[in-house]
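Labels run A, B, C, D and E following the written order; every chain starts at residue 1.
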Amino acid sequence: MKELRKKIKELFENGEVDAVLGYREDPATGGVKAAVFKKDETLDDMVFDGRCIQNLVNYLPTLVARYRKVGVVLKGCDGRSLVTQLVEHRISKSQIIALGIGCEGVEIDGREAEKCGDCATHMSPVADYEFGEKEEKKEPTFARVEEIEKMSPVERWKFFADYFAKCERCYACRQICPSCYCEICIADQQEPKWIEPSAKLSANTMWHLIRAYHLAGRCADCGECERVCPQDIPLRLLNNALEKAVHEMFGVRPGTVPEEVPPLVVLNKDDPDRILEGKNE
Amino acid sequence: MNKWHKIKKTDLQKYVSRLAEKWEVWIPRLVDGKWEFGIYDGARDLDLPESIIDVSLKNLFFPKRRAIATFDENSKWSLQPVSPERRPRIILGLHPCDAAGIEYMDKVFLQSEYKDVMYKNERERTILVGMLCNKMGDDCHCTDRGLTPDSTSSMDVAFVNEGEWYFFRSLTDKGKRIMESKYLKETDEGPTKNEWPAGKYSIASPEEFMEMYDDSIWHELSDICLTCGICTYACPTCVCFLVADEKFKGKGERVTVWDSCQLQSYSRMAGGQNTRKTPASRVRNRTLDKFAYSHLRYGRISCTGCGRCIMVCPLKRSFPQLGARLSERIREKEKERTKVPAESKEE
Amino acid sequence: MANVGVFICHCGVNIASKVDVKRVVDTLKVMPEVGFAHEYKFMCSSPGQELIRKAIRENKINRVVVAACSPRMHLPTFQTALATEGLNPYLVSMANIREQCSWVTDDPEKATQKAIDLVARQIKRVVHQDPLDDINVPMTKAALVIGGGIAGIQAALDIADGNRKVILVEKSPSIGGRMAQLDETFPTLDCSQCILTPKMVEAAQHPNVEIRVNSEVKKVDGYVGNFEVTVERKATYVDAQKCIGCSICQEKCPVKIVPDAFNAGLSTRAAIAIPFPQAVPAIPVIDPDYCRKLTEDKCGVCAKVCPAEAVVFDDTPKQDTINVGAIVVATGYREMDPGIYTEYGGNKFPDVVTGLQFERLVSSTGPTGGDLKRPSDGKVPKTVVFVQCVGSRDESKAHAYCSGICCMYTAKHTMLYKHHVPDGQAYVSYIDVRAPGKTYEEFVRRAIEEEDARYLRGRVAKIRRLQNGLYRVYTEDTLVGRAVHIDADMVVLASAVEPQRDAVRLAQMLGIAYDADGFYTEAHPKLKPVETASAGVFLAGACQGPKDIPASVQQGSAAASKVLSLFAKDTLIISPQIAVVDPTACTGCLTCSYVCHYTAIEEKEFGQRRVAEIISGKCQGCGACVATCKGKAITLAGFSDDEIYEEIVSCK
Amino acid sequence: MTTIELVPKPATIKRMIDESRDVKSYVLEMNESLTMPALPGQFVEVSVQGYGEATFAVTRKSKGDREFTISVKRIGHLTKMLHRAATGDIVGVRGPYGNSFPVDDWKGKDILVIGGGIGLAPLRPVIDHILLNRKDYGSMEIIFGARTPDDILYKEDLKMWESDKSILLHKTIDVPFEGWNGRVGVVPAVIRDLGVKPDRRVSIVCGPPIMIKFTAAALRELRWPDDRIFTTLEMKMQCGIGQCGRCNIGEKFICKDGPVFSLDQIPEHAL
Amino acid sequence: MQIDKEPKILAILCKWCSYAGADLAGTSRFAYPANVRIIQVPCSGRVDPVMIFKAFVEGYDGVMVSGCHPGDCHYGTGNYHARRRMAVARRLLQFVGVHPERMHFTWISAAEGKKFAEVCGQFTDRLKMLSGTERTLARKELAT
């Protein structure tokens, strides 16, 4: 933390950044808040610890429109979502100073977040500066996905339909997701109405299928969608299922390799046809 | 002033069961750890929360999805208004901020040249039986908004939880209709009056807020807002909606669906024009609507201080704090202005 | 909305025997969209079409559904019917109730039900169809030919004769290409230069041909009809306008150690030189790596002796942009470097040469002036082994493909050898002899039977250099099943035909496909042999795959005829069924550009944002980008989301 | 009132007029002896069954209040559906909504009408009204700008107004165009060129937002007071009755308090 | 358990190969179940999985997508992109409980009329083997 503050101070002094996006202690709640630090502001209340669960990448597009150069504090998973943002021309790397922090896991309500148990990326794949330990990489297990995969189709649909039925379509999952940034979300489109506006099982199912599909090969598993869902729909489960599928079929772990093009737009003439049969191989 | 009636707490369930024979009775109940209103079916013991109910009453009067007309795709034109639900109902256990929310919705939907007859019907068929709060929740700030936990405005019947008793009092003729019961005993006693602390975050006047339209502070205030709009869904006085047609197998409905000014799609016009494209402009719209526009339109600011926006916010941002920060800025600006010498003011 | 006319065809009995056409009409005419419904025996007949036209005139229908055979059959017929009445031809939709209903359904009741459903669905769809107008794109009626070999020259001359301007870009100092290096050509043994030189001269003198030698394509923008090509002329240090081609400079130049590319590196030349005597243009070029003036700022003799003051030492590369409507790619091939065949001593043993080097050794304009001598000691080789398939048909080491020309040129080489060294013995080590061309087989037989070439079937295992200066070639004769070795004076390797080194770079500039070997891919292997994935870009010659002179010339002419037929129209008419980006909905992620096979998607500024733009001239309307766009900012006219959605949801 | 205001009444498309490349006008007749008593400047909500609704200014009235005309530029999903319509199709209509141009207050005054593209649609009823009550008003000057000659609407009206001696008409297109011999330049530039004086005049302006903004600036330069510049705003409206929320400018709803405003009634950012 | 209602199948076919293949099935009079509904698209690369999701929600029992065989795409590479998309769509749908037998993604050339008819027949047979609950996901009413 000390080094991080020192580096940020240095960056400000050298004029290398105009603002730094990080986490700030929030005495009112005892938690932390995303915050934009500017040149002459104190960095004393800047923190990085287990409470810093929020993915800050979502703010970057707005910030780079307002500041010439923005520093950003990144956990491993946040860094992965930054990769997608860079590849998809959302943000230009030239406007970003990535401050990667070796993440030892973050918490929700005092307990380690579920995503961290299966985390394979503790350090941001894009980092101009790295701080803290860079833990060794391991492979995610997707244990939760496998549990669902063991169920029968009927059981699975029952499981998800109960959740989908509860969805209020507040789109908090969309808004917090850095990779959901369409000018006009398909859910807001009037004609044709692939997704009807009202919250009912059919339209909600469409929404969750499309959301998951649109994130396939792009989702960095920051888990923010699931965290903010007011109805506690296990959205990460859908994302993870496709993350697992994309890795099994195309050998890609989204966001872990800088400048890697999302697998769903990659041309590969040699994909085996068996992937069309949904075989787990 | 009508007299207080008291009822033993142990009798309340019987009383409600009796009411439910004649009315559709809505009571708060705990679903997945959250309080929301549901139809009383006697299946569970009645349990009334002493403070804020997580889900606002808005959905009961102005549902998230509301079919206003039906049509048949097999004809060129067959749009027919839906017939309204007539069954009388009681909503029991709502709190003063809920009632204040309804009061505001009344202004939007009824005190207008075009009354919303569906809303009006929902109001007319409903007796609001409000329970005054015994305590304030963590995020409650009604005392900042000209309310107190024991305000009874807009309720048909108000009741107070005290010791072993509930004290009931009807406030309207409609309310009187449920006071005839063997369980309710007229009494000269009354509940003790609670003293409530003054508000924490004082806010500026609507006129002062209006002055802030062009201020740069909106960027600061929107810097970390996701503009997800969940606050507007939770808010008892956010009643914006969109109109859409939904179809399935030849049948169709025209529906109103809640919309939110926090979403980019809300103000997007066909062709891409958007008057509220930036997050800052959307946060500004919601803030000013709550603290200024509503007052200028209907004579009352629309924030009831229920605090639900804080409860649901993914970032746990505090709307009252935001209002306070803004008010602080207003005062700062005021100071700056008075410092400016008179001549340069002419410019 | 809309007023749809519905026409159900009996197709004689083809439909009517299974589908109760009357019931289809009766069921559908009550649909709110339908303003007119009728049945007829043959809708595609003139009276049938007249029915539609009449309904447009009299019933004011503004959309048409024809339920008949497959749209692949008669959609254009009905489109024309609409157009004649002034209704946009894209406002018709067909329900396929013959191929996909009456002919595949046994039960008449089910067939009728299905037909009703199919037509109803098409009625719903056609309401969402919008008028589309053919897109007219203006055209620059000039062509660019890249590569000045025989294929390129042929293409350029044919286009020029068709009265269109051609710019022929060649990266070396002269046009002529590989063919100029050859001695005699199979199967007629006529002198290569004798037949090529007149063509080169004709190209140079043709008023419609502009030759740009020493030039390379650097950038290609635009699309069919409207290419903008940046061409760079390398620094040659000789002013081509002033030079009179006297070659005094070449004689006086003291630096004579420059490897001569024209002679396949078998000789050296001066630092300023005309590439070969018949070069077109016959203008010398200075090699800046060797010229002492340019490397050390000394000498400068050439400038002093030049009578025309044409030497300019401060020459620099120059770029300019040319506008053309079509491009013919004829960049040819190169001979594989046999260095990877260390067991053959490729590049190591002086007398193990490649086929092209052998051509130079027997050529009268070659390093030996036409007397065959081996490079190491100038001795006349009495035994020569020709090794076939070096790098070809050898997946493990080089290429899986057959280089196509080697069998024939080796047969030719044995004859040329015999003509030069009548008492010499030629051996050919081969796998199969492939001679499918006209009189090719006879040519090979002649080499064997009349010119005494000895063909040994088998692969050469190793070549060793012996103390006595001979080369021992270890091979086998599989026809008799024994290993043999031949001590030869010289070995000629038929080294594989390979794409040019920068073939892939050029393909990417042009947006054309290339195969795993780097040869350019034609649009269709059978039906579109000279077209490419990029409209307006055509292929000629060996850049598309190994081929001999006749085939290269054919393809050059074929490409030219494609160019000329393209230019025969005044403007380019493009189908309006292409994809269009709504810039207000586009986020600019440009992931669509990754899936576009035609490189039709570019970036453009839109307000403060960057968004994708589809070049209508390049788009072929496949819709891959549409399916990629998550925000639905791309619409494919004719197959829009609107239309497909309606088809999905309106099935009963 | 027995039915919810948001449910429209049927009207039949009587006639369709192709105005320009992407604009069609529809003459709608109310079904079942209903009427649409729209005042100049008022708007209606038109819906297509199954496809929702959109806002259109009433651009002409005919047959008393039984018939009215709207002009539809093909831009969104509903206008796309309307463009596919045929005569005899039925649409839903509700309204009229909003305030109107205070034409009675303008009696005796000179009128300057400034329209850009489809923005001429809400202004045409004012012109119609003045022509109908010609003696009540002073002079009338119309400035109409379109992007290209192909975008010029109401060609017959323009011809009529051109030949009417009591009207001074200026047509302009934004950029030079082959075959166009008339005036070239954007509307604000034309206003500056003409140096239109406020005198005793009121001006009414409508067009794309950017055009309104710069036209207002040009008029102000020419010392027009804000209370004599009227405009009708085309923000996103949906319900038309001040409830759905999206069309607000500050506390005002365009659909209810507008769409007609004089510039002194609205904050600068509304332009 | 078998239910007697014929399963409803949506077949999204590319214009150049598979649609022509379906036409050939007709020309060759290879009968197949009548509940197959064909939608023509220019290329399998045009198929957005959103269409497949919608088809299931709207009540189709099975969805089939077919394009030109790999290497034969009229547009060069559309079917390769389709293959990736369909593979991911299948995994997602299976994961939320759509029975794997309800999707069939394949390649059918313009010459494979017989194959088209066979595929339709076999697909229908497989769907018939599924129980009613195994075929849900579809909505029942407007407001569900």
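FYI, a residue touches a chain if its C-beta (ideal position, glycine included) is under 8 Å from a C-beta of that chain, and two chains touch if they have at least 3 such contacts.
Fair warning: this is a prediction, and the values are worked out from it, not measured in the lab.
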| remark: Quick note, more Cb pairs in contact for B-C or A-B? It is A-B
| note | Farthest CA centroid from chain C: chain B
| Distance from the CA centroid of chain B to that of chain E, rounded to the nearest Å? | 48
| query | From the C-alpha centre of chain B to that of chain D, how far is it in Å? | reply | 38
| field | Rounded Å distance between chain A and chain C, as computed from the means of their C-alpha atoms | value | 45
| field | Two or more partner chains touched - positions in chain B | value | 65, 73, 76, 242, 244, 246-249, 252, 268, 271-272
| task | Could you tell me which residues belong to chain D and also touch two or more other chains? | result | 51-52, 76-78, 80-81, 89
| note | Touching at least 2 other chains, the residues of chain E are 54, 58, 77, 81, 85, 139, 143
| Every chain pair meeting the contact rule | A-B, A-C, A-D, A-E, B-C, B-D, B-E, C-D, C-E
| query | In their shared complex, at which residues does chain B touch chain A? | reply | 32, 64-65, 219, 223-224, 226-230, 233, 242, 244, 246, 248, 255, 257, 263-265, 268, 272, 278-279, 312, 314-318, 321
| remark: The answer for chain C against chain D in the complex is residues 1-3, 35, 60-63, 127-128, 130
| request: Please give the residue numbers of chain E that touch chain B in the complex, ascending. | output: 58, 139, 141-143
| query | Quick one: in the complex, what on chain A touches chain C? | reply | 88-90, 181-186, 189, 191-192, 194, 214, 261-262, 264-267
| chain C residues touching chain E - in the complex, by the definition given at the top | 70-72, 96, 98-101, 103-107, 110-111, 113-114, 117-118, 121, 513, 533, 577, 595, 597-598, 620-624, 626-628, 636, 638-639, 641, 644-645, 647-649, 651
